[in-house]
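Chain naming follows the written order as A, B, C, D, E and F, and within any one chain the residues start at number 1.
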Amino acid sequence: MTELGVVHRKIVRADRVATDRLAGFGASMVHEAMGRVGLMKPYMRPIYPGARIAGSAVTVLLHPGDNWMLHVVAEQIQEGDIVVAAVTADCTDGYFGDLLATSFRARGARGLVIEGGCRDVRDLQAMDFPVWSRAISSKGTIKATLGSVNIPVVCAGIAVNPGDVVVADDDGVVVVPAVQAEKTAQAAAVREALEADKRAKLAAGVLGLDMYNMREPLAKLGLRYLD
Amino acid sequence: MTELGVVHRKIVRADRVATDRLAGFGASMVHEAMGRVGLMKPYMRPIYPGARIAGSAVTVLLHPGDNWMLHVVAEQIQEGDIVVAAVTADCTDGYFGDLLATSFRARGARGLVIEGGCRDVRDLQAMDFPVWSRAISSKGTIKATLGSVNIPVVCAGIAVNPGDVVVADDDGVVVVPAVQAEKTAQAAAVREALEADKRAKLAAGVLGLDMYNMREPLAKLGLRYLD
Amino acid sequence: MTELGVVHRKIVRADRVATDRLAGFGASMVHEAMGRVGLMKPYMRPIYPGARIAGSAVTVLLHPGDNWMLHVVAEQIQEGDIVVAAVTADCTDGYFGDLLATSFRARGARGLVIEGGCRDVRDLQAMDFPVWSRAISSKGTIKATLGSVNIPVVCAGIAVNPGDVVVADDDGVVVVPAVQAEKTAQAAAVREALEADKRAKLAAGVLGLDMYNMREPLAKLGLRYLD
Amino acid sequence: MTELGVVHRKIVRADRVATDRLAGFGASMVHEAMGRVGLMKPYMRPIYPGARIAGSAVTVLLHPGDNWMLHVVAEQIQEGDIVVAAVTADCTDGYFGDLLATSFRARGARGLVIEGGCRDVRDLQAMDFPVWSRAISSKGTIKATLGSVNIPVVCAGIAVNPGDVVVADDDGVVVVPAVQAEKTAQAAAVREALEADKRAKLAAGVLGLDMYNMREPLAKLGLRYLD
Amino acid sequence: MTELGVVHRKIVRADRVATDRLAGFGASMVHEAMGRVGLMKPYMRPIYPGARIAGSAVTVLLHPGDNWMLHVVAEQIQEGDIVVAAVTADCTDGYFGDLLATSFRARGARGLVIEGGCRDVRDLQAMDFPVWSRAISSKGTIKATLGSVNIPVVCAGIAVNPGDVVVADDDGVVVVPAVQAEKTAQAAAVREALEADKRAKLAAGVLGLDMYNMREPLAKLGLRYLD
Amino acid sequence: MTELGVVHRKIVRADRVATDRLAGFGASMVHEAMGRVGLMKPYMRPIYPGARIAGSAVTVLLHPGDNWMLHVVAEQIQEGDIVVAAVTADCTDGYFGDLLATSFRARGARGLVIEGGCRDVRDLQAMDFPVWSRAISSKGTIKATLGSVNIPVVCAGIAVNPGDVVVADDDGVVVVPAVQAEKTAQAAAVREALEADKRAKLAAGVLGLDMYNMREPLAKLGLRYLD
């Protein structure tokens, strides 16, 4: 049962070294390395292009049109965290702007992932404080209801636990459970190495059909070539 | 980390008596009794009007366009269960029709909640096998990839654990953690009793403004009446 | 400027006789009689089929996730009114259910048009209290912020003034300015009379091409028939 | 190249007997019998539940907000036809209502499939003239621009040629090329016969896992059962 | 009643000095200064990033797929105006491109806000003529039907009167009634000054919880901290 | 009937000279030159701004969540081609990334148009390999089902035949039948020449009302100017 009105101060963050390695691979590579799970819905988009980050999730649950708990979560941020904000119902209001970003940055946050709206886009880009959101909206919010901080939440279709690794870039947002961070980084590294080799072959004109030995299974399924 | 390729045969189902009591209250009442959490997104709609059910969740994770695991989950259904099907990416294909419904019913299922599409609507209504889905679609699916059965899933924005109570009717779908079933049923009963009294007063013309003592707080916030 | 925190108690309602005549014509006919303006966006749908009503608009402006002002508007309802509820930002929460419907009905309301969500659909249909909404959702709302009652609002793309006539049925919701109610009813009556004649001809196999003398203008624009 | 301003009077309609057989199978069965192609996008929905029809496509291409060509296509309708209306851009306006339905019926049409809006839903249901559309809207249209009749069109994602068989019911709309009508009807009949047998087994509690011999391929892919 | 076929040549424009001051604050700040009203729906997006403008609204009402009135409105543009184009039904067609932009600019327009589609994005960016629209689309439009110029319109959920101030940037589009322009500019200036101070404190690590004295009200509502 | 499991190796490509000329005009101009047909739905967007290409369509039909056929189509690419990928049901998965782009480029492809999702956006922009897609998503796909290569497909609402010219830029994607390529290029050239003259006049302050002689037809329809 989702508990409202609580702030968990102690969470176990994913290993920092593994987290930082995951940032280098990017969302798509990490998603593959996890076995194609953990990806937030594609309506989560960066408010400006080019950012690529990873960090430990500090979670917060908000109500529609109410951003009060974003002030509560600010206090729980540590250097290297990414705030993950879920909302109890679909809402595109502008929960977050440059003042909160200034505060989050001062506490050490690397970015924000929010299943709601964001504003002050121009300022946030100037500050280089990246946000992934489902909307951009000037709509102001109130401060009236209690949500929670650092409880398990569902954000854009993915269950996120405090301390999980969040990897975000232009492709989207992927969540790696804290205990899997290192293993996933290793799998991504292996995959990346393989891809470098494949890329060279493909660039030289070798076909995936041959490189992956696909011709036989395709023929078995009945693929026919016609002239 | 979402584990693929596993079937958990042993799950702890919510108390049957509490589950059946929750069915009587309906989704909106149960949602309120839980403190306004647990509601799936409103794009989950019944394929025909009028059904109201509750049951224990048997969960399944599917891939886009692949309904193979619905056959795997069928074996795990017990009398009184509701199957909750999540998909790893948005997909409206018609994963479920009258043949699977016949099988699910034979195993004791009370209905299906699927974050995908459903077909054979006419037959399902004739069978009175209720389904809540995000789409109706004839689109056929394949049987090629492994998902999982009875793992924790996210369906339409809500984390569902095997054994949780699912309450569904024309208003939508609410999920009650198994351990909270009885407490929630009690809270719903209290609320329902209170509502009966309120309903009588409102029907007699008493205003909510007076019945809930709202005039003072509204005035304090500055509400002004103009003639 | 949209004024928040005010309740206008005195509004000029459209003529009741004209209003009741408009109910008989239905939304599409009235929309045509107005010159094809005044129609709310088609995402406004009845929560159950078959209702056809008209009434004077009593307006209310709500905030996302907050239904407090629906209690305030209840007091302003007179026999024959339809409540029109706008929201300051998109929100599908369930602002309205059977308790408020009981109150609205006791005050004389004929129905509700709300650019938000509605719940207790089963009960509302049993009561025959029609609602046109953009969503059905169990999601509960709070009572924390001031909106306004009987100010001009925009609902589903249409500007609505208190006292305007609202005509709603399975086709959608049309708004007729109060001062135009009688004229629009007359225009609709003329149109309906003409349609009866046209319908008879079309049923007898006469083509619109001939009945409306379309062949010549089509030929002028260059329409070519090929065998 | 889509030719505008032409009406093809001679089209080759699909075999009537095969067409009528296809009506009996319904959209989902026919879609499967075709090899899982030919299905319009699932946003095409019936304006009222329960209709199941098949007929030969008479096609028409409309412009946004302009229904003039629906009068032109009326003349080309023969007994047993279904009009398929495409639009050159997304538009939900109410292109079609009870007057045109009266005319279409008088010419022998069995229904309409339109990638736009429909109105007079109440009257159309009373007439039992089924329509599949992407929206219900009172919005009136003009008569100003030339489209075409009986040219190949794309409707809701599917290429439709004049004379093709259209099968539509509560599950959606499927298009069968005229030359494939008989073969598809045969395939559907075979499939239906097989399903009757499967349905009986499933109703008796046999699992799809066993009936379809799925256990071995699932095990090969690594499916693990945990207690 | 929305009057079709009229062009109002005389409108009262908002004070130019206040208008220009509002441009400097941007949409989100102005929206807050107005009391959180006046914001168009967030689907209104700039066709390229970085523009921030304010101007007096010259309004125009269009029909779906018909841009004729954009030529009519061009004549009514004065230096410093922003054209606000509403449409009588949802339509994403490309009503506006580089030719009209050339004309609008020559007349003194600062930009366009249109609840429809826009094209020639590349050219418009090269000209630095900013547009906020709901879509980008090459789809051509016709010139067949009369709308109106400088009547009150509803654009993206907001009622706009001719002469109102429009403020638009990367966050969205806000409308300030002409008579409120100066008062709103003053309120925004006050707010901005306060924010500068707050920003400095937050950057220094002060928490919003303390700066806004939120700890006590949160505790009163029952917020609990757990270790 | 859409044939699955076939690869057509021989297709007739549109004339290269005409194709290259069409690239220079861009999507909107070509769409107009075709008589306002051939435009894909506006949800097809470039993954980064600024690209403008034209090429011969090599088509491929995919299933939801399965990108196997993209490897098959790679072999059929010739210098100057654009791959057009349709999917049998709506799916936003990330079918295409930098490895496939490397292969497509090595074969001579100028870009990709896909009615699905794309990933590795950062790398694709670095490579300057343009893609028009309906979504950006990291979601991985499988290789299990046969589609087809170089059959007629429907992509984003437009029927595309192998060899047709595809013109794509920031405004969207237009398809020109191969046999119409030259004629369309000529029509676009004429149109462009006319526009240069019009642009100069409009820039000088001449109104479209006068330049296009619109005042008389507007007056005939009853347009009234009010002071």
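Just so it is clear, a residue touches a chain if its C-beta (ideal position, glycine included) is under 8 Å from a C-beta of that chain, and two chains touch if they have at least 3 such contacts.
This is a predicted model, so every value here is computed, not measured.
Both chain D and chain F derive from one sequence, and where they touch, over half of the residue numbers involved are common to the two copies. We define each chain's centre as the mean of its Cα atoms; on that basis chain C and chain F are separated by 41 Å. Centroid to centroid, with C-alpha atoms defining each point, chain B and chain D lie 31 Å apart.
With centres taken as mean Cα positions, chain C sits 42 Å from chain A. Shared interface positions of chain A, defined as residues touching 2 or more other chains, are 36, 39, 42, 88-90, 92, 137, 139, 145.
Two chains count as a pair here when they touch; such pairs are A-B, A-C, A-E, A-F, B-C, B-D, B-F, C-D, C-E, D-E, D-F, E-F. Across the interface of their complex, chain B is touched by residues 1-2, 4, 34-39, 41-42, 88-90, 152, 154, 157-159, 176-177, 179-180 of chain A. Chain D makes touch with chain B in their complex at residues 26-28, 31-32, 36, 39, 42, 45, 49-50, 52, 169-172, 174, 195, 198-199, 202-205, 207-209, 212, 214, 218, 221-227.
Residue ranges of chain F in contact with chain B, taken from their complex: 63-66, 88-93, 137, 139, 142, 144-145. The touching residues of chain C, counted against chain B in their complex, run 5-10, 48, 68, 71-72, 74-75, 92, 94, 97-100, 102-103, 105-107, 117, 119-122, 135-140, 143, 145-146.
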